[in-house]
Amino acid sequence: MSNALLEVRALNAWYGESHVLHGVDLDIREGETVTLLGRNGAGKTTTLRAIMGILRRREGAIRLRGRDLLALPLHRVAQTGLGYVPEERGIFASLSVEENLALPPKVADGGMSIEEIYHLFPNLYERRHSQGTKLSGGEQQMLAIARILRTGASLILLDEPTEGLAPVIVQRIGDVLVALKERGMTILLVEQNFRFARKVADRFYLMEDGRMVNSFPGNELDSHMDELHSVLGV
Amino acid sequence: MKAFAALALVGLLAAPFVFYPVLLMSMLCFALFACAFNLLIGYVGLLSFGHATFFGGAAYFTAHAVKVWGWDPLAGLLLGVLGAAALGLLVGFLAIRRQGIYFAMITLALGQMFAFICLQVPFTHGEDGIQGVPRGHLLGLIDLNDPIAMYYVTLAVFLFGFFAVWRIVNSPFGNILKAIRENERRAISLGYRVDRYKLGAFVMSAALAGLAGGTKAIVFQFATLTDVQWQMSGEVILMTLLGGIGTLIGPVVGAAFVIALQNYLASSDFPVTVLIGIIFVVCVLLFRRGIAGEVMELLKRRQSKQV
Amino acid sequence: QQISDNVVKIGILNDQSGVYADFGGKSSVEAARMAVQDFGGKVLGAPIEIVNADHQNKPDVASSIARQWYDTDKVDAIMELTTSSVALAVQGLSKEKKKVNIVTGAATTDLTGKQCSPYGFHWAYDTHALAVGTGGALVQNGGNKWFFLTADYAFGYSLEDETSKVVKAKGGQILGSVRHPLSANDFSSFLLQAQSSGANVIGLANAGLDTSNAIKQASEFGITQGGTRLAALLFTLAEVHGLGLKAANGLTLTEGWYWDQSDENRTFAKRFMERTGRMPNMIHVGTYSAVLQYLKAIQKAGTDATEPVAKALHELPVEDVFAKKGKVLPNGRMVYDMYLFQVKKPEESKGEWDMYKQLATVPGDEAFLKVSESGCQLTQ
Amino acid sequence: MSTIFGIPAPALYGQILIGLINGSFYALLSLGLAVIFGLLRVINFAHGAQYMLGAFAAYGLLSYAGIDYWPSLVLAPLIVGAVAMAIERTMLSRLYGLDPLYGLLLTFGLALIFEGAFRYWFGTSGKPYSPPAQLTGAVNLGFMFLPIYRGWVVIASLVICLGTWLLIEKTRLGSYLRAATENATLVQAFGVNVPRLLTLTYGLGAALAALAGVLAAPIYQVSPLMGSNLIIIVFAVVVVGGMGSILGAIITGYVLGVLEGLTKVFYAEASSIVIFVVMAIVLLVRPAGLFGREA
Amino acid sequence: MVNDTPILTAEGITMEFRGFVAVNNVNLSVREGSIHALIGPNGAGKTTVFNMLTKFLTPTRGRIEFRGQDITTLKPAEVARLGLVRSFQISAVFPHLTVLDNVRVALQRPSQLATQFWRSSRVLSHLDDRALELIDAVNLSSYAHLPAVELPYGRKRALEIATTLALDPTMLLLDEPMAGMGHEDIGRISDLIRQISKGRTVLMVEHNLHVVSDLCDRVTVLARGEILADGSYDAVSADPRVREAYMGTEHE
């Protein structure tokens, strides 16, 4: 695929000695929302961590706008415009909600302002002076997403943002993603909840045992239901 | 494994005819001390920075009982162990309520206090120490003034202590200790009163450290302040780290190495502290598993390659 | 076969890397070698060898080295033995092994008192000599109201105790004392207490860095400028040099030897300086004298067997660069003259090591305890 | 003359003032220690050695290069800070993410090396260093003579403490640092050059220790042992204040300095132990320390 | 069989964190033998209630009774020994012990094999059968000898449930047992919960409303630290306030 924003080719990755990713290929075009589906342990999180460079032991090619990311240290990867929302959320206990929000440095223009963010997540506004980890699980997830919106990152890697969230909040997060998409944000989303994902995804990738087994556009989801059932075990 | 243990035992039995007995005895005492310390750090995950209290405290108790009260060495040792256990109960009771670095700091603070007390009370004789403790006759029978007899008694004490550590670690109790180290909250939620387990382990460790200290007092025939000062606590950490934290044999190797080094370097031109410092640094940077740990890892790797 | 193993081996066991490393340390080993050289390198035809070890201030390390020396390395005598716990431990061991030991590095009078040994000798200073030297002579010089800063351990107590006795005996007064913990670092608080007591002498019954810090801070707070005298009860040239005359001037102290006392001393000091880069203090020269005297004793006894050598050591007078008309008491105490010195002002000093003015001589018989007072059981 | 507990009031004021002065050193040293612990989770056992290095750097600059006190006040911390940064780069940085125990052990080893080497080269009796001419002499406060130099120490340390506190608590840099202690990888994943941040922090902590060393040189004997005597006490101060709490370290430093000073009057023997007693009590009652944030 | 006697009651429990009231005057009564769900939006205070019930937090006010016994002032371990055992929201396993050992640690306590430091740990092997049985029940058999760290997240949750069950508790408190699990596992764990609930009481926090509607006899809805509704799933889900505060409009 040409004019891809992010291009991943034949990516292999290891945790210590254990080989987890086996030749993953992935493309994301500018402005697209791509969802990575797969059951527990398929390697979705690992893919994101390998792209960011948090997982250092990897081979293959990762290019952002044609620029190779593999050799860059972690912080330089982030500075190229990648925003990462980790699975475990990573809220800082020693910082207040507001400090957590303000923490990530701007990597490009065009990020949201703190006011816009509070508008999007009124809960956070209410608790802006509390310690970050004193938030409930759902509040923390919102904070984790909100935090990255300020930085102007153009490609956001989101790892299971709906995990452990109440339906209303899931719905709200879905709305947020749609809004982000409208702003031209590119999103790589990892999900198990494909009902949620279908609302936002332009394209799906299916992952199993560290390999990409299929990819199809979002509107073809229904025709892939059987495959989905077998891969995800729904 | 069995073959290795048998070989080691034969080596230990034959050692005094090859090496200098007092040096060997010193190694055995410190090896036992390090094993006792390792029981806490290696299997409960508690870094005590005040273990000299039990080692040196027991040395004072034993020395006093044997010298001033004229007790049998065995009775003296027993008193040392009981005294150390009592100190362990006291210190442990206060310290185990905290974890990690705070635990280390509390034990350090209490250790400093104990060292202060040892300096103040008359029976320890200040910085002169209790000197000239008679070795006497064990149970009135074995003349401990004979270096070889003394060596075998020390060896027996050491083996007893070593076996005790091994047994504790590989017991149902030891199993729970490991679980507590791994995830304390979970252990609590399963209904374990973790404080009691920790305290139990602490007292056992203190008692064994006391056994080592008491034996040392009889071997060297004195008990002095150096044994209760925090530098001694630091030294036992060094020994354990060097040998391999959380391995059974590691502390023994580490202690033997450090004692040999201190002795050897004493008559060289190289400043002892600098070399010990360098070993510390190299160990932490390159051989974090310690000597024993690295060797075992090597063996394991080789084994898995062969398979 | 009059010399066991055909070699006379002397072990110098002291602190070479710790707190007392400057006190004696490696330089003492050099002094011992000088003694061997001056003796001619051989005794009764057998070569003389010096071995040395750093006991790191740990009695157990010292004890196992000493045992090893005696048992396997055929060492005949051990000397210096800095710090009392080590000296007592090794003296106990030497007694048991029937070997000669000569202490020059520790202060406790117990070595020739309660824990004396027929083969143990105490060569340089001891707490009593320091007390009599500094305490006695100062009172005669008008320093009659004392306040003590005492290190909170046995060595400190006995210094304070013995000095107090001397001061009182000479008609002086003790206005008070404060016991500070070891390595107290800051002494200004204690110095202030001393000053407000109205004392005209502050006795420093401590050692090493503690004494240095106390002196430095006394000068900072203008205590010495205000006319109060500082008396360091255990302080040697090495420490004064480390402190510098600016901080140390006016300080009174007792030492058993000073390089600028005579031509003989100056010659010795020059040789020592060439070998070690520093001037010797009483411990260095004491060790030199101990080695030399030990060799003389072997010569006299015609053997290096312990009993006859110890007997010869007790009998022979000591006459060398360290001690004039020195004699050894039955309890092992070597008796010789000590001196009271005052540290010069910077402007009085003519060189890096020109630091002392001699105030008085303390005759040996006054300086050291009589055998009957020592509490040594051997002699009864 | 009025007395308090049998001590004349003016004398007591003097003692409190002296306690405060000593507290300045505790505060400065524990400040650096707290900075390093708070941000690197390393218990810097080499802190005492770095303090000693600072004093020796000042002595060396004076006696080998003829550089006097005032420039040394800047140069010595820079030198020691640079050495520390090299240490962090080559050694400490490999230990992040491991049990904090390893950091403690490494720095313990480093302390042994530095102190051992300096003892070997310079002996133990130390080296002379005098206060600068501008700060010699004393002022009469009525209840005591205060050496001008000591007054300067209090002021200098207050200013430095305040400055450091502002830097860490009130700037963006500070929040990076605090966040990095919890999850360095994540902070780096946000685009912050964390490794460099940590290097600088360790350098800063060590430089603070060295600065304290320079300030101490005219008061305490410049000796290889000067740091090891102090470090354990300073640890206690940091623990009482709350590990990693900058403000806690500063305040506790002064308070314990005064407390120790008073103990010197009432029960001098215990004056070095009193801090440990306080520490044990505080840890039992308030485990996170007086100013620590609970985990 | 569900009967009417409450096994666990909380009266007016309140939790304040430095002035912030996380849970306010909550009354809760769980009937013996039931599966009771505690649901509510994020931050409602569900985990906090769990922490209070299992004594990991001490309520600022209020009183808790378990099987007629006042447990308000007990320690967490004591509560567990009474048979009230919990799981954690963030998975809690013993990471470097194998799956088998994880379960055995739990089995050890009731079998009085915990404090014996003088015996060989081989005596524990007679617990293996029971442990493997439990492991099998949560479909982890193929992982039995793997260290728990190496399990994927969802499997860790399953292991945690097996460990909890090993204590044979009278009552289980499960905090989001399905979080992070794949669909097939959710089905299996649901079955498992249903199966184990025979003769026990279960109180669970869960966001997956399918599971809740499927499994639970009774639902309590918590919002902003207070009880919003309480009753059967159908009744509760019909409540407009609950729909607004929690379920959202889309939900069936």
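Every chain is named by a letter (A, B, C, D and E) in the order it is written, and numbering of its residues begins at 1.
Note that contacts are C-beta pairs under 8 Å (C-beta built on N, C-alpha and C of every residue); 3 or more make two chains touch, one makes a residue touch a chain.
Going by UniProt, the chains are A, E = ABC transporter ATP-binding protein; B, D = Branched-chain amino acid ABC transporter permease.
The model shown is predicted, which means the values in this text are computed figures rather than measured ones.
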Chain B and chain A - chains in contact with each: D, E
Set of chains adjacent to chain A and to chain C: D
Winner on C-beta contact pairs when A-D is weighed against C-D: C-D
Longest centre-to-centre distance from chain B, chain (CA-based): A
Centroid distance [mean C-alpha coordinates] between chain E and chain A, Å: 30
Centre-of-Cα separation between chain C and chain B, whole angstrom: 36
Inter-chain centre distance, chain D versus chain E - centres from mean C-alpha coordinates, in Å: 48
Two or more partner chains touched - positions in chain B: 116, 120, 271-273
Residue list for chain E, restricted to those that touch at least two other chains: none
Chain A: positions in contact with at least two other chains: none
Pairwise chain contacts, counting only pairs that touch as defined: A-D, A-E, B-C, B-D, B-E, C-D
Touching residues on chain E, where the partner in the complex is chain A: 17, 20, 39-45, 47, 89, 150, 152-155, 176, 179-185, 207, 209, 245-248, 250-251
Interfacial residue positions of chain B with respect to chain E in the complex: 167-168, 170-176, 178-179, 182-183, 185-194, 197, 200, 204
Contact set on chain E toward chain B in their complex: 54, 56, 75-78, 80-81, 85-88, 92-97, 101, 104-106, 108-109, 113-121, 123-124, 163-164, 167
Chain C residues within the chain D interface of the complex: 17-22, 25, 152, 178-186, 188-190, 192-193, 196, 208-209, 212-213, 216-217, 220-222, 238-239, 241-244, 246-247
Chain A contact footprint on chain D (complex, rising order): 172, 175-176, 178-179, 181-183, 185-195, 293, 295
